[in-house]
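Remarks on the structure that follows.
We just call them A, B, C and D in the order they show up, numbering each chain from 1.
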Amino acid sequence: MNSAALIIIAVFTLAAALAAATLRKLMHAALSLVVVFVGIAALFFLLGAEFVGLALVFIYVGAVAVLVVFTILLTPRDVGKDRGFNWGGAIVAVAVFGGLTWSILNTQSLAVVAPHMPALTVKQIGKTLMTIYVWPLQCVGLLLTAALIGALILVMEEKR
Amino acid sequence: MTPTLQIFLIVSAALFSTGLLAALSRRHAIFILIGIEMMLAAANLNFIAFWRFGPPHQPPTGVMIALFSIAIAAAEAAVGLAMVIAVYRHYHTTNVDQLDQLRG
Amino acid sequence: MNSWIVTHLWLVPAEPFAASLAILSVSNTRRKSAAALAVAGQIIALALSVVAFVSTLQTHGFRAVQNFTWFTFGDQTLRLGFVLDPLAAAMLVMITVVGLCIFVFSVGYMAEDKNFTRFFAYLSFFSGAMLGLVIANSLLLVFIFWELVGLASYLLIGFWIERPSAAAAAKKAFITTRIGDMGFFLGVLWLYDRAGTLLFYDNGRGCLEGAGLAMLGASATFVALLIFCGAVGKSGQFPLHVWLPDAMEGPTPVSALIHAATMVAAGVFLVARVYPLFSLGAISGVTSSLTVVVWIGVTTALMAALIAIAQADIKRILAYSTVSQLGLMMVSLGVGGVAAGIMHLLAHGFFKALLFLGAGSVIHGCHGEQDIRKMGGLRRFMPVTFMTYAVGMMALSGMPFFFCGGWTKEEILHATAHWPPSHVPYYLILVGVVLTALYMTRQIIYVFFGNPRVAAERAHESPRIMTMPLIVLAFGAILLSAVLTPAWPWLHGYLTGEPTYFDVARLIQPMLFVSLALVSAGVGVGFWIYRKAGTQDGGRPAEVDPLEYAQPALFRFLANKMWIDELYARTVISFSWMAARLSDWMDRYFWDGLVRGFGAIGQLFGIFTTSVDERGINAGVDETTAGARGLGRVMSTAHSGQIQTYLGAIAIGMLALLLLYAWLA
Amino acid sequence: MSNSIDQVFVHAKQWLLSSLTGSPGWVVQVASILINIFMLLAVFLTLFALISVLERKILARMQNRYGPNRVGPFGLFQPIADGIKMLIKEDIVPARADKIVHFLAPVLIAAVAILTLGVIPYGRNMTPFTIDGGILFFFAVGSATELAVFMAGWGSNNKFSMLGAMRAIAQMFSYELPLIITALPVVMVVGSLTPDRIVAAQAGYTFDLVPRWFVFTPWGAAAFVLFFVSGLVESNRTPFDVPEGESEIVAGHMTEYSGFKYATFFMAEYIGMFAVSGLAMTLFLGGWHAPARILEIIPSYVWFFVKLGSLLFVYIWVRGTLPRTRIDQMMNFAWKFMLPMAFTCVIAAAVWHYAGRGLRGWLWSFLVIAIVYTALSTLLDTGRKLAPRVYRFAE
């Protein structure tokens, strides 16, 4: 695992995340979110979870990001207007970050390096998904169907 | 120097906090969703990291949970964005400060 | 072919049922298609019946069953089935032939009716139910079809629903037969309790076979008598015969089909079907249950024949004669002449259908008039009807040689004469035979001879479609006698499974002369008494019956059906009325008072609790709610309604938990 | 002999890398990647130039014209002239445009198109980017095209651009489903998402005659046709070029682009076409495998480019033949026909597998597809018969 690559990707991702949280234009923030997800996918690749990284890119860049930009398109009134910034939220976020970092750094059992591990193949994931996790898989399928129908009904024009 | 688990966790914590920042500080409803997506991604990063740094030759539970979480997050995003559109249609605003009909 | 018809025997009743459904589903203006459907269904059923009949000819005592499981409850399985044996096959052919004739007749008779299609739907429905009844191999299935037949009868008697008398007659028929069916159903239950099966034949395990009968033991008598209750109701035996004459309110083809040829025969058929139950443990052919059957039959036969003499309605006379003949069949079954009884049943089916259709033709010709005293001299206007009616009358009277009724009646007399316990039934039946000839002679004289009276003046012959079935049935009644003669008793052998051979010497035997003498006597006396019926004679006015003039009290007794209806009205019905009044009174004053008393107690308690509630509890609750409301007002300030506040609170809470955990660890 | 010709590029790369022995591992890795990228760009940009001029020539021949024939022999240097023209044109950015997004859109779309090329096996041992989930990578990266199109539409701040982008996204989303689902049966049958494994699974010949390509199974043939049609849509080619229909919305999301940015869009479209064709070949047409055993002496990469060339010719042929469809017809076709048929292919592949992959499986899976196809075409029949168009006012 390459430290240099990790640092580059992490800095890139976090910068994009900060941009997504603070950019004034909503569209730019949404596109920054895409960059964040590409960065996270890269981190997944770095960690050896290629399949999850590809799935993340596939779902977030291909679907969720387009949904977000479409929503921005469909709610045009507030786009581009600055609504101010709630500094209280920033304080809370910084406090949470501080608390988390403090506890992570103070937990000695976390200061481990990665063990050697055989590569996780797609086949392996598929087998696990179809054996141990077959019920969760079905439930997720049901959930996605329900979400699809629910989203459709929510945005459907009301008949008069 | 090879990275330890702590570095990944701190990256994840930073991402989580940034997501929290987006969700807490911005007024537009879509920012809240963006923040939530970032927080979920941070959680996924944690899962993957813990799997990678955990004992080898185990079922890849962390990976599985990350996959399911991605799927569920996609559903959440779809419903959430649909709600944003529905709310916009009804109140003609996406500013969450104005959506306070449930005020006590 | 053989096995095919056995496994597909259900098709026979299915055809008329299907026809019925089809007719109900077409518009009631499509009369031709309705009639065509009904007749087609009947023809197919007839063809299948003939196939079934032919297959039973192959061996003596042929019997094939086809059983299946209807449903399973717990570890019990309820099995139903169909049986094909000579009894069923003969009945199938008789019902379909007679039924077909009646269907065709109805096309002409009901041509003017506005509910033509409904009539044919009911008729087909009835036919299907009756066919199902005769091939059922399970007492339960018999019961099901039995009730369907009852329903069809109810619907058809009350067909002219706009007439109050028809509706009342339908109700009377339905309720009276239901009384008998109650006993039948109890018998079915008892039999199931004892034998554990309701199948008649099931490879030796059926309730009519050795093992099943052995399990019954002494209870067989009671079971048999309970089943006989059903037969009494359906076959119009004393004391439940009262519905049958009233059922003549239905259209005449219905009377012919249901109340002469087929349905009322169901009771006789049932007794014949479960005959092993009756004869279980017989000593020289006599059991207590069979004795009951004999005495009921004798009473019915004689009583109905007597009543028939004094009736004026052409159909009522025939109805009482039906009751009488059914009694005769019961006697035959009771004394052990099962084959004779069934043969008489088959023959009766033909000639009684013929007589009823003839009566229908007469009524049709006289424009709806049913009173024989208003007819007369019709033989000139309605020659075909007269000829066929005469054939039917001869057959019914029991004229030997050429008419089927004669041979079967003679055989019944034969069987009764040798009944060990008593000779009384034999002599009473002889009287019945004479009376039968007498009242038939009376009827024919009134209707066809003499001068035309009020209703007969503009009479006309019926159309071809109505006379054709009459002719067919008349030929059937004559030709049937060919297989009934003692010289070649083929039908007897067919039913009993014994081989038959031809012996012309057996043709001449004493009973033949007894029979001939009795019938001649009856006819002769009839001609002598009624020679001047319908005309003024001495001091007697034209409209008064000769017998009434001679014996007014006796005639009134008979004309009023021996006051049995009135007796029932005074006893059974008034008892029910009294019981109902008593129950009503109890309900109104006794139980109602109790309920009201309890109510009052509850009310008092309610008043008490209300006061406690209002004075004591409410005040406390008011204080509490006021406090809660104040607290809620304070708390609600935290509910900003803004999602980000909540989210922030969650984040702070998470942080606090983290710090708490870190502090503890 | 044939083997060394077959592997000549592989050996060349190894020879180049061998000069780096002694350097740290990551240097060699980076060098290897750079060589791959360089080769990919060199080959496919050349191919792009070649195909762009060939398309014009072929279309011209189909329409009884000459086509470009002025620059160089047979007009072959036309792309160079076009390129110079594009480069020196003024780069116009609308004043109200979202400048960053407007700039990033062509970059993203080109990057995505080139990335998808990376996972396709071009010959024996010639896959630039070997990854376990190559097919998934292709679709995952390819799905970013929609985002780029949206960025172009949004960034231009022009209603034609926005409308074109909406149309493009609608049709790409709709046809991405059949595209991915028709790839599924192959993945199911091979049991791998790796392109190399999929190509390897199609090696060999039935009866030494018919190659074991998936296109020769009923489900494979049906899936190939569906995949090809979806590919046409994904690369916005005629008859599905609704998003940039000139007569309706100028040039769709590319309306506000000029000069080199426009050229980049153009290039991305062609490279996307190459990539989809390459994937179609990998999945169904046996990749770089020769169509007969005798022809195996010809190197694998030659076969790949021969097949690619024929597929591209079909693209051009279709463009020269068919008129543009209406957007509603396209959407109906996607959801009512393509998607059910794609699922049918999955089922038919399963049937083929469980019926023994032999003649029996062939017949059964053919039956499944035939039944569903017949049912669908009966159900979707609008009853409108095709007839010559009647010009009421023109005659």
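The definition used in the following text is that a residue touches a chain if its C-beta (ideal position, glycine included) is under 8 Å from a C-beta of that chain, and two chains touch if they have at least 3 such contacts.
For clarity, every value in this text was computed on a predicted model and none was experimentally measured.
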Based on CA centres, what chain would you say lies at the far end from chain A? C
Per the centroid of Cα atoms for each chain, what is the distance between chain A and chain B, given in Å? 6
Distance between chain A and chain C based on Cα centroids, please, to the nearest Å. 81
Between chain C and chain D, what is the separation of their C-alpha centroids in Å? 82
Rounded Å distance between chain B and chain D, as computed from the means of their C-alpha atoms: 34
Sites on chain A at which at least two other chains make contact: 51, 55, 63, 86, 88-89, 92-93, 96, 100
At least two partner chains per residue is the criterion; list those residues in chain B. 20, 23-25, 97
Flagged in chain D as touching 2+ other chains are none
Sort out which chains touch which and give me every pair. A-B, A-C, A-D, B-C
Chain B - residues contacting chain A, complex: 1-11, 13-28, 30-31, 33-35, 37-38, 41, 44-45, 48-49, 51-53, 55-57, 59-60, 63-64, 66-68, 70-79, 81-86, 88, 92-95, 97
If you look only at chain A, which of its residues touch chain C in the complex? 86, 88-89, 92-93, 95-96, 99-100, 102-103, 106
For the complex, give me every residue of chain D touching chain A. 26, 98, 100-101, 104, 131-133, 136-137, 139-141, 143-144, 146-147, 150-151, 154, 162, 169, 173, 176, 191-193
In their shared complex, at which residues does chain B touch chain C? 20, 23-25, 32, 96-97, 99-104
So, in the complex, the side of chain A touching chain D is made of residues 2, 25, 27-28, 31, 34, 50-51, 54-55, 57-58, 61-63, 65-66, 69, 73, 119, 121-123
